[in-house]
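Here subunit A shows up in two complexes: once beside subunit B, once beside subunit C.
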Partner chain A sequence: MSNIAFNRLQRECKEVVTNSEISETGIMIEILNENLTEIKGHIRGPPDTPYAGGMFDLDIKIPDQYPFSPPNVKFSTKIWHPNVSSQTGVICLDILKDQWAASLTLRTVLLSIQALMCTPEPKDPQDAVVAKQYMEKPAVFKATAEYWTTKFAKGAVKNAGYQALVDKLKDMGVREEEAVSVLSCNNWDINRSTVYIFS
Partner chain B sequence: MNNSSNADSQEGSTSAQKQKTANPSESRPFVLKKWNALAVWAWDVECDTCAICRVHLMEECLRCQSEPSAECYVVWGDCNHSFHHCCMTQWIRQNNRCPLCQKDWVVSRTSK
Partner chain C sequence: MPRHETDCRYFANGYCSKGNTCTFTHDVATRNENICHFNLVGKCSYGRACRFLHTRPRNDELPSCSTPQTSQNQQNLQNSGQRVRPKQLPELKFNAQAAEFVPRWKMPQRGPVTSYAGAAASADHGESSSSFQSSHEQAQLMMCPYHQKSGDCNRQDMDCPFAHGNYCDMCQQWSLHPYNAELRKKHENECVANHTTEMERAFLLQKTEQKTCGICMENIFEKNLRFGILNGCQHCFCLDCIRQWRSKDQENVELATKTVRSCPECRQHSDYVIPSLFWVESGQEKDLLIEMYKENTKRKICKYYSNERSRGACPFGNKCFYKHQLPDGSIDPGEAPSSRRRPRLVDFLFDDNSDSDEETFRRFQEEHEEEQEELLRFVAETLPEADEESELFRQITEVLRHYQISGHRRGFQ
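Let's look at the complex of A and B:
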């Protein structure tokens, strides 16, 4: 890693750790190795969203050209969001691609992702299935996102109905994670989900 | 009768004024004997830190701190944002926009 990248990251990490406003917004970082190429980000689910109460982890990989190239950021916690792949956690966000600016920092990146959680952009989706559900069945989307938050991000909202459907598929020998994913993609229709898995 | 009394009162007031001006230290609440001026200065920049390397603009940038260079001076854009010249040179190789306001980057002035 270049000298400029390493030194700037040191300053940024200090900024995130010492800034009290950041702890209030629920943003934290964890340094995974000494040369700062791999960092773990943590975002608290914003209030008044289906992600409220959840704690979402992100994998941040810093390129050698940083800050002239954007960091590679993806969710390691599974999340049901139109702009995040429900399978891989890849994020569709302009500042992580063509709209990156050298003045942006880890703090502004994490705040932007948190803002994206508040206001999804279904017209520019990363996951077309989630975006379709968000636009056509908002109530189902909200319930699904809340269920995923509880299931994968330590959220508090319990949904016994959805859990019963997952258990049904588990009894048929389907892995829990796959059951959740397939049911979510099929708007929690157990028949369509069963056909999808076993056909 | 009235006129003469008015004239008397006017005379009295002018004599009082003469007395006041004759001894100025008595009429003033204080006298300024000594004055120490204090000047405060600041760099002529909107923001004193380079947004690219996060180092003070009047210090060498992160790269030049490890490999000293004569190129490390400050550049201002038309948008009045300022950066280290070497930081900005690296940035505009891939993107000719100001990193802070996204306007097209045009150098308006430089400063050592």
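Let's look at the complex of A and C:
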């Protein structure tokens, strides 16, 4: 990694850590190695969204050409969001791709992701199934996103109905994660999910 | 006895350790009677053993170039038929006997006139009293440098030939001429102008000191870097960073040219970056900077014109900031960049719809007959192998055939 990238990252980490933003915006970073090439980001789910109360982790990989090329950011916590792959956690956000600008920092990137969690962009989806659900069945989407938040991001909202369905599939010998995923994709229709899994 | 005709150079310089046994000529006339410089200032550590003369030249000896003694010697030599020393010697002697330097103001006072001009005037006994007057006035127009700096001159006000000025608040020196209004005014104007430029500089520096680069986030001034000022917006970057961001050959393929040509902060498009040592925000200063930058680049030769092969291939045409100088020293006017586009096939083919004039057509055909035949041959040769682009080649041949046929038809008419 170039010298400029290292110096800059040091400043950025300092900026995030010292800025007491944890309490205000719920953004944190954690340094994983000394070269600062791998960083863990934490975003608290924004209030008044299905993600409220959850704590989401992100893997940030810094490329050699940073800051002239964007960092590689993806969710390591599973999240139900039209612009994030429910399988891999890859984020579809323009500033992480062709709209990257050298002036953007880790802080602004994480804030942008938080903003994306507030206002999903279903017209430019990463996960088409989620986006379809978001547009066609907003209530189911909200409940599913809340359930995922509780399940994977330590959220507080309990959904006994969904949990019962997941348990049912688990009893059939399906892994919990797969059960949640398939049920969510099939709008919590247990029959279709069973057919999907066992066919 | 001297065996050589040559003069002993040691003796000539005042002392030969061989004395009478020396084989070189010890000629008194050649003797360069050096006076010990150290003795003159009273610091000769050799004392009596010093081989230079410990005598002080008499004051009345000093001004004349050759002392009576030496001219006497010379005459003697000439009379006795001996070789005459080169003429430099008496001058050397004079140099050696140079008087100790005494600053004028330390000299014992000889009467009321102390300035050089005054002394010269008194020597001439009033013959040039008017010139004395004018030179005295001239001196009075100049400021005494000692007094000007510290307000303190070793000589009294009346004594010093130069003017002792009044205190100037601006430059904090005694630089205001005591009575000449014009000079006072001139100095005040200079001081105000200096003050203004210094203020501007200080403001500039203050603005510059706090600026950090939006890309590397370093303080640009502290790191001794240059600013890269964008013409489109007012965001601050160091030159290296912004150049790297805008450069096409960065290993980042994802970013489009449009993205990198815009400001990393506000995405405002900028056509060029201006290097600058100071931070310039906007307005008149920025216009001036841009103007200066363009003037500077205009003096440098465009890289497309620096070698034979790429000459004239500058994509900026006559809008290029750099000098389009041809090898003979003349300037290539060039064409506007908008008219320079990639050549298309149509440009080379004859379009008989737009140009129906028989004469032009015939001339064109004559000019391009060879090229056209060559092109046809090339197409015919390539056609069998060109699988992927056979459609294109088919079109080309068709167009060319059509052209040829119609051309011949017209030609025979």
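Rule of thumb we're sticking to: the second predicted complex is superposed on the first by the 196 of 199 C-alpha atoms of A that agree within 3 Å, B and C clash if a C-alpha of one lies under 4 Å from a C-alpha of the other, contacts with A are read in each partner's own complex, and residues count from 1 in each chain.
Here is the rule we use: a contact is a pair of C-beta atoms (placed from the backbone, for glycine too) under 8 Å apart; a residue touches a chain by one contact, two chains touch by 3 or more.
Just so it is clear, the structure is predicted and the values come from calculations on it, not from any experiment.
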item: Side-by-side fit of subunit B and subunit C on subunit A, or clash; value: clash
item: Subunit B versus subunit C as contact partner of A:128, first or second or both or neither; value: neither
item: Partner chain in contact with A:156 - subunit B first, subunit C second, else both or neither; value: neither
item: Subunit B versus subunit C as contact partner of A:115, first or second or both or neither; value: neither
item: Contacts of A:195 with subunit B and subunit C, given as first, second, both or neither; value: neither
item: Partner chain(s) touched by A:97 [first = subunit B, second = subunit C, both, neither]; value: second
item: First (subunit B), second (subunit C), both or neither touched by A:172; value: neither
item: In the superposition, subunit B vs subunit C on subunit A residues touched; value: C
item: Overlap of the subunit B and subunit C footprints on subunit A, listed as residue numbers; value: 4, 7-8, 11-12, 67-68, 101-104
item: Subunit B-touching residues of subunit A, taken from the complex the two chains share; value: 2-4, 7-8, 11-12, 67-68, 101-104
item: Subunit A partner contacts - residues on subunit C that touch it in the complex; value: 214-218, 235, 241, 244-245, 250-252, 254-256, 259, 263-265, 267
item: Sites on subunit A touched by subunit C in the complex; value: 4, 7-8, 11-12, 65, 67-70, 97-104
item: Residues on subunit B engaged by subunit A in the complex (per definition of touch); value: 51-54, 61-63, 66, 87, 90-91, 93-95, 97, 99-100, 102
